[in-house]
Amino acid sequence: MKASRLFQQDILSATQFTRSDLEDISERTLKLREMPRKKRRKLLQDIVITDLFYEPSSRTSSSFESAAKYLGGNVIAINGVEYSSVSKGETLEDTVRTFQSYSDLIVLRHKETGAAERAARVMKKPLINAGDGEGEHPTQALLDIFTITQELGDIDGLTITMVGDLKRGRTVHALAKLLSLYRVRLRFVSPRVLAMPEEIKTYLHEHRVPFEESHSLEASLSDSDVVYMTRTQRERPTGNKADDDAIQSARQFVLNRDLMKRTMKKRMIVMHPFPRNEEIALDVDADPRAAYFRQIENGLYIRMALLTMVLGTN
Amino acid sequence: MKASRLFQQDILSATQFTRSDLEDISERTLKLREMPRKKRRKLLQDIVITDLFYEPSSRTSSSFESAAKYLGGNVIAINGVEYSSVSKGETLEDTVRTFQSYSDLIVLRHKETGAAERAARVMKKPLINAGDGEGEHPTQALLDIFTITQELGDIDGLTITMVGDLKRGRTVHALAKLLSLYRVRLRFVSPRVLAMPEEIKTYLHEHRVPFEESHSLEASLSDSDVVYMTRTQRERPTGNKADDDAIQSARQFVLNRDLMKRTMKKRMIVMHPFPRNEEIALDVDADPRAAYFRQIENGLYIRMALLTMVLGTN
Amino acid sequence: MKASRLFQQDILSATQFTRSDLEDISERTLKLREMPRKKRRKLLQDIVITDLFYEPSSRTSSSFESAAKYLGGNVIAINGVEYSSVSKGETLEDTVRTFQSYSDLIVLRHKETGAAERAARVMKKPLINAGDGEGEHPTQALLDIFTITQELGDIDGLTITMVGDLKRGRTVHALAKLLSLYRVRLRFVSPRVLAMPEEIKTYLHEHRVPFEESHSLEASLSDSDVVYMTRTQRERPTGNKADDDAIQSARQFVLNRDLMKRTMKKRMIVMHPFPRNEEIALDVDADPRAAYFRQIENGLYIRMALLTMVLGTN
């Protein structure tokens, strides 16, 4: 494989990518998905990466771990740094400087917005942001883009509807920004108090992406090519009664087989970053338009692609 | 090695095996134990397995992890899912569907009886049950059978005595069922309140396995070929005073060097699924009849055998 | 590489090494640092080691894990045994006897002084002590010695100043003992209540190592070739108010750029076992005499050297 523009670069934000980058990543992802296992596992044989997860997330951590391992690489998996002794009052900067001595790349998940950039600033080795607070989660956005392309062929011309807690879901923030590279129409369905933040809407205005907001799920479905459901972030209570009530009200947005049958197009897909709670009923799983399990699997191959592009193999 | 009947099958219950299966597993186990390391580590080189342990158990988890690694395989080890973010309110079904995207096989430990079967029902990849609640723990039963064969040559004709908390010990339940494939006599030594459950006794009746119950350890030892000690399950208090008292009383069953000298045959073995508490005194360890450390090591090779049989290598 | 005197030996204490051992380890370390990755990763391909950490320490654990993995080895990483089910009331002796069945070597971190020796006594496989209570931490001492040699060429003739909580820091205890193999002058800077223990001072007397004690950091710096800063052990409160006050007073010993400029030699180094708290200001990091990040990296190569020497490769 040819050397990538991402060689030894940090992956910090969805906004760092051009459309041409996305095409390169997509091409590499497909190549790795088709590659025989015996060949694939030789690509990162000399490599050790560290999954440094301050906020535990077995799901994202395991996706990177699996990607590295199918490529023959090695992983030091540290989940829940706060509960381990890494902390002992140490700064994030000192911690990443330590772990870059033990590995060739750090995958960082952190609670604070901006943590990935702070870490990258003091590191000599590349860093992949696996989610920092309400900030970025670029690999999720990349796998979402890849999934839409794989499922529907082309992103230009699509109507994409995002549903649920749009205020705090970093997944939909990153995806909305990344979609501004394409010619799409966006629709945001949420209770008022969990609406898409002004910052994202300003970004979309500046990039001339048409979007509309709605408070009704049912009314938003019939012309959607992609319905992107999100989970109410149960694990981060606001402490504010009005907000918590609104979160409760986000639970009204539930997609089930009956609603799909009544409203949705034949050729469209339902996505979800997972884990899900009640927002997608189990009876949707058998519908071929339910793309979320394929989306998870795409995440594995996207991460393989990024690891080989950043760590370089040819 | 030839393809196995277990290829791509789930390992859910001790009762799924025929006597011929047990012989195949035993043969494969011996082969792997003797195989040079250099050859062995090529068997699972392309493979990633996930140890998904809802209930933490470094011991069982590490045994699978070690088996996979000596075979050249890779492991994603997730211990204590509840404390990680895997949960976030997610169902077991969604979790295993996610992790099967990241690996070729899942080893599952769960608190709820029947969890392994529920998980297997929605999975496309094979699953190995590493213990579900008070239900099954088939790989422990398999290594116990293998140990008896290795130590005493033949199981037919043996008198096997199980001691301790027989009510809640899934180890002895699975072993008792598996022993019904052989011509054995069983003896169950426990306080009345921790006796072998009716379900197991009915199973033995149906399979015409002769057994007797006793409340005296000393009186049960002289004709035993195998004494299988178990630990009082300290970590699961019943909340019921009468029961908890009975558990206390199970602590009366203590095997020590003096008792062995006074009562036991020359050619017999003492087994224990470990960890032990006080039920086997340390002065027993030096006795050649103490087979429990060899039993632990057999567990490693049994798990190697199962992994190669399920994941297939030739 | 030639077989080592350490082949299949335990690494329990800094005092087990002769000066010739230290030279062998240093030579092996340099060799491994220069070795091409492709060659290095073939050295422990058949090997599984267990990191058995009762006291969680992602830092030390990861250093061993990384060392093993760059050598092609496999690692079972168990952090925080107490919170896992390894314990279930099990003795340390039973636990290590179990884990030696699953691996070729155990790296042990434990809270109790003397735990490593207790464990080694019942094991058939080699054990490396990665810190036991206020006892030993020999691999840290070895990497410290290696760092001084690499940075300053020769240890004989140096003045080495240790600063901070010298009472409970096992790092400085092990280093002081190991330095007695060389012709050095030692200086200990601490508040009175956190002074170097009598046991260590007696050891130095017996080995004719000249040392002095001081309570002023500034007055101790101008002739130092090595200033070894240590962290106040926040995570182990004494429960005694007078002691805790003294620990507070240890926080007075802070090294910053200004103090270095005013007092220190051009050719000297600042070391720290990390993590640090406030005792070294961030503005020291850019100074070429700040050797602590290089020291961390040396730790990786020292551990590679020890693993290959103990596990034997030629």
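Order of writing sets the labels: A, B and C. Residues in every chain begin at 1.
Heads up, the rule we're going with is that a residue touches a chain if its C-beta (ideal position, glycine included) is under 8 Å from a C-beta of that chain, and two chains touch if they have at least 3 such contacts.
On a predicted model such as this, the values are computed, not experimentally measured, just so you know.
Chain contact topology: the protein chains form a complete graph, every chain touching every other one. At the interface between subunit A and subunit B, two copies of one sequence, fewer than half of the residue numbers in use appear on both sides, so the contact is built from largely different positions. Note on subunit A versus subunit C: their Cα superposition corresponds to a rotation of 120 degrees, in steps of 5. The mean-CA centres of subunit A and subunit B are about 40 angstrom from one another, to the nearest whole unit.
Residues of subunit B in contact with at least two other chains: 77.
Contacts from subunit A toward subunit C in the complex involve residues 45-46, 48, 50, 74, 76-78, 81, 83-86, 88-90, 94-95, 97-99, 101-103. Those residues of subunit C that touch subunit A in the complex are listed here as 37-38, 41, 55-59, 62-63, 65-66, 69-70, 77, 79-80, 231, 234-235, 274-277, 293, 296-297, 299-300.
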